[in-house]
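Below, chain A partners chain B and then partners chain C, in two separate complexes.
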Partner chain A sequence: MSERTTQFTRSLGGLFHRAGIFGAVVLILAIGALVSPKFLTAGNLLNTVDSVMLLGIVAVGVAFVTYSGHYADLSVPTTMAFSGVMAVEMLRFGFVPALLAGLATGLGIGLVNALMVGRLRVNPIIWTLAMSYLTMGVMRWLWSNQQIYPDVKGGDTGAGRLFTELYRHEVLSRIPLPMVILALFAVAGHYVLTRTAFGQQLKLVGSNPSMAAMTGVRMPRTVGLAFVLSALAASVGGILITSLSKVGAYYNGEGYDFDAVTAVVLGGVMLTGGRGSMLGVLGGVLMLGLMSNILTLLGVDTFAQRIVKGAVFLAVVGVSSLLARRMGRDDA
Partner chain B sequence: MTMHKERITSLLAALDRHRIYVLLALVFAIMPFVAHGFGTVNNLTTVLKSSCLNATVAIGFTLVLICGELDLTIGATLTLGAMLTIGLQPHLGRPGSFAVAVAAGALVGLCNGLIVTKARVNSFIATLGSMTILQGILYIYSHGSSVSVTGPADFRLADFLEKPLVPLLTPRVLITVALVAFAQGVLTWTRPGRNFFLVGGNRETAWFSGINPARYVVGAFVVSGAGAAVGGALFGLSMCSATPNLGASCLMDVIAATIVGGTAMTGGKGSVLRSALAVLTFTAMFNGFNALGFPSELKILIAGLVLALVVIHEAAAARRHEKARGRRPMLMEELRRKAPPQERES
Partner chain C sequence: MKSQIRNTVVMLAAGAMLAGVSGCGKQQSAAAGAGRADAAANLAESLKVDLSGIKSQDGQPLLLALETKTPPPRPKDPDALPETDPGHWYDMEYAGWNTAKENIPASPKDGAIGKRVIAIINGDHPYLTAYSAGMKKVAEAYRMKLRILSPNWKVDVQNQMLDEAVNEKPDLIILIALDAKVAILQVRKVNQAGIPIILSNMHPDNEAMRYAICWTGPDDWGQFRMLAKVWADKLNRKGGVAYVRHAPGGSPFFARTFGPASELTAYAPDIKTLDMQAPGFEAAKTQQVVSDWIMRFGDKLVGICAADDSAQAIGIAEACKKAGRSDIVVVAAGNSKVGMDAVKAGEIHAITYQSAEADGAVALKAGADWFNGLTVEPVRYLPKHVITQTDVDTFQPAQW
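Let's turn to the complex of A and B:
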């Protein structure tokens, strides 16, 4: 390759990494404005944000797993569904026990993943896939393929109504609750990644696992915590999605694994681990929301949107790994 | 005393190595006694027939796993194969639509392989992306409903494929057996076949011994795509209809069977024959459970459970192996646990 093209790809790569996802967000905003006059209205943009709040919450968790160099957590959808179903089932004991049961379910799944991938160092994709089938099987077997309804399970206690109104609850009677949770998660996630020992160790584990082990990072604990955080975020997302759909069912959260990884990777968290930021993840989530909004305005149906999403995902993953190698930053 | 212990250890190791034969024998020994009607010729024919799809898909999947990669698209690719075979029949006739379906499967594999080797995207991630794209295409092609043969239907071929020639063996079973035997033969007795193991075992060594690893990885993905499409196409030819979620449960079943069959997740080790036998074992087991009146949801749970147990078992074995070779990835952990308390970090 000639000197000039090398320089060009290097500066392009630098630009790609620095301006990152928000450059792309501005670009897609401009495209959207060209596509439809309805796009750049406050109502439409708010709707877009509204539609990706849950994805954002889940993606913040998955970002830890990707950052640690373990690609993705495929047990996210069933963790979401299971947390929701457990919460609905426990509504008979009241509203707070239900929420705690949902979170505990996520924590349990996260701890099993942590043990397996962290300590036994099982292949994360195969393990989380197995875990998703296991939890799916448990749910479908115990509830014999039935959906369960919060207002029925909650009985006369009013807990059911509280639960179904959870998603639409507005903090300070202005800001939707999921938005507040997403903001809290993002800030906390950013803080943990950049300012804590765990965050630094996770970066080291992600960029060079054997080096991390040699310097004395507690690998099982560090990697495990990433999976626990992912499962906890998924269970919060699961409780909220169950509250939104007003039904606890094994198929809640379907597709969130792929969407979350797409958002995380779009946001500049490298699949090879150790590089990226929470701000980028938020950008990636926003980008996905805007993209599907524009496609919907263009009249593209959900199935065709899937194709576009998959293509964008592959393109971003391919280009980012290619650029990283061109810049000599990676040997993946 | 130690001799005795050693003998037991080596016996256990041998049992583990040949676990799939043991499991197969166990299932076929126990099921006829506990499950009513399991042992009839009719039911055994059904078991063989319903293993065909996953066994064909497992051939290519095992090959990809031997290369140290993973192909998550198999479920979508087999659905693609079945749908194209059925959907294109009015236009191209049976041989034509079959050929197009298999070619489409191979093309999917080629794309996967090129993304993995040229763009160097991790295969789990790359195939996760292409799986999403394929699913979208499938739903658009079928409008979300099942595709069946239209026009003046001719079910003679379907009848022929499903009717036993000799007791137990229908033509579709025979084709599957032939495919598995061919793949196993190529892998065991030919030089390119052996090279797949070298590529999976140690890519660098493979490179130094004059093999182009990328070519083999692409090849494995192409075989996986084509194999999945062949399985789907044969299924489509004999069933005359296909639904968009035909391959939904296939991925999990095939992964479980392949790993239970002894193919290493890390690559370099595996056998197509054993994967196919594992598929047969699983199918027979679920058939027996059905006869016992277990709910079908339990199937997902048990397949997940079996896979989880085998994965844990493999991981533990790998760790023991590394320790025995003197490699201790958790050395810092071990030292820390043994260290006196005052030396620990505060």
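Let's turn to the complex of A and C:
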């Protein structure tokens, strides 16, 4: 390959990573406008954003794991479910204790993941998958395969009503609370990744673990914290999805692992770690929402939509791996 | 000398064997007599078991009066008819009614008490937890030894469980088939092992019904035809409607979509189907699909039928609320707590009544009837009812 071709490939790769997702979002907005005159209306776009808010919250957390070079956190769905179920169970003690119990559950799972993957260096995919099975089994055993209801567990305290209104609450009577939480998570995530020592260390761990170890980065703590943040985001998402569905159940959160990692990868965070941004992750989440929106407006059934989603994921992973190799990342 | 000893040993052994056989024959004869007496006593006691006082968690009798139907004549070629014609679905809707039975074991007529039953359900779900609870209540009443196994939605695991159950040689197997086609092989295997089998809840392929004593469960087609009429009346029999579908593969995927759609062809021909989607059982994803429908169809969309009155119904309600479309008439399959709360709140117009506990109870009761030598019809349906705001309180607290 000539020097000029290599330079071109590198600049194409750079362009792909810098503008890729937002270029794709603009493209899909243009396609949407051609497909339906209603597509670019404020109502439709707000509905689309509304439909991916929970995914966005979860994806922000998973992005830390992927950025650290540990691919994905497959315990996300059961962390979501367990946090929601625990929150509902604890509603008998009041609304705030219930929320704290839900968050503590997620953090507990995150800490175990952190210990196993961060300190003991267990394979992240195998471990988080095993964790998922374990927590699913514990939930089913403890609650005898039954779902629990906020209004029943909350009794006469009013905590149950507050809990089911949590997802539906609008800040300043206009902005949905999950949207505010997503914005806060994204800003905080961006700040942590770009402006803190932890963010810099995570970048180094993700892009070159050997170098990170040589330069004195405390790998177990850095990797572990990424898993804790992932679990924290999953527990917030889990509490919100439980509030939305008005049911604490072991199946809440199913599919969020694949959707979240799809959004993260679509957003330009490389599976090999060390590259990407929170803004890109938000773009990936938005892209998934817009794709579903356009396909439904076109009358494409949900099975075909899954094929499209899977194909896009494969294509993005393939293209980004290829570009990464050409840019000198042989581990891609 | 050696041969004398050998002959003596042989004679002694033969004598011992003859004595043993004779003694054994006497014992067997006595046992058979006692067994017949026990069987008669067991049958008499079993026939006296009264289940009428047992209630489900919702306060309804556990064993409701079952329903029957008279299948109409089968169309010559159902597949040639359009999907909007009820005849197209004939083989699914009337599966089991006209199937010639093959190699069905004769009832022992020795009563249900003490019988060993293995029930293999399809997976873990709150509905199936209630289903199992109903089955256990019947087992307790008949003092049956019931074991319930769940393959958690995996066909290969269900096959393995079935093999193990066959090796245990129980008195009866009850099966909720995970896959309609695989069920043919599963039921035939049990049948060939000489073990009676009852199918429950999900409709398997008609061919599987040949080898089963009977099928019991909800009349999904019938109840959705009933629900469709209530829905159409509320819609003044006109407008565009859409369907949020069940998980693909099982019978509800078809029954809860084409049951109402084909019923409305005749009952309310001015109601048009706009779209059908299967977003799964998640509120946020259903909300997205319904928001997209509202955007795509606008005022043309006046009604939505959901295969689930829990997460799907919540997603529909949220989308309608956000779009300011409280006029959309929503109906769904029921009857979960979430669904009944939504009916009470006016978010859902109507849901079907499907007692999960009765579903499990009816399957084992059919087994008890078979042990008792009573007539067991090829199909036993749970009763149908449509719950609206006027009678929703009667069905609470919910079973799941």
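Everything that follows uses one rule, which is that the second predicted complex is superposed on the first by the 318 of 332 C-alpha atoms of A that agree within 3 Å, B and C clash if a C-alpha of one lies under 4 Å from a C-alpha of the other, contacts with A are read in each partner's own complex, and residues count from 1 in each chain.
Note that in this section contacts are C-beta pairs under 8 Å (C-beta built on N, C-alpha and C of every residue); 3 or more make two chains touch, one makes a residue touch a chain.
Keep in mind that this is a model prediction, so the values were computed, not measured.
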| item | value |
| --- | --- |
| Overlay on chain A: chain C relative to chain B, clash or fit | clash |
| Contacts of A:F313 with chain B and chain C, given as first, second, both or neither | first |
| Touch count on chain A, higher of chain B and chain C | B |
| Touched partner set for A:R140, first chain B, second chain C, both or neither | both |
| Contacts of A:E254 with chain B and chain C, given as first, second, both or neither | second |
| Partner chain(s) touched by A:F303 [first = chain B, second = chain C, both, neither] | both |
| Chain B versus chain C as contact partner of A:P37, first or second or both or neither | neither |
| Partner chain in contact with A:Y149 - chain B first, chain C second, else both or neither | second |
| First (chain B), second (chain C), both or neither touched by A:L322 | first |
| Touched partner set for A:M214, first chain B, second chain C, both or neither | first |
| Residues of chain A at both interfaces, chain B in one complex, chain C in the other | 140, 144-145, 303 |
| Contacting residues of chain B [partner chain A, same complex] | 70, 115, 119-122, 124-126, 128-133, 135-137, 139-140, 144, 252, 255-256, 259, 265-266, 295, 297-305, 307-308, 311-312, 314-316, 319, 329-333, 336 |
| Chain C-facing residues of chain A, complex | 36, 38, 41, 43-44, 47-48, 50-52, 54-55, 140, 144-147, 149, 151, 168, 241, 244-247, 249-251, 254-255, 289, 292-293, 296-297, 299, 301-303 |
| Touching residues on chain A, where the partner in the complex is chain B | 71-72, 116, 120-123, 125-127, 129-134, 136-138, 140-141, 144-145, 210, 213-214, 216-220, 258, 261, 271, 303-307, 309-311, 313-314, 317-318, 321-322, 325, 332 |
| Footprint of chain A on chain C - complex, ascending | 124-126, 128-129, 248, 275-285, 287-289, 291-293, 295-296, 310-311, 314, 318-319, 322-323, 337-338, 341, 400 |
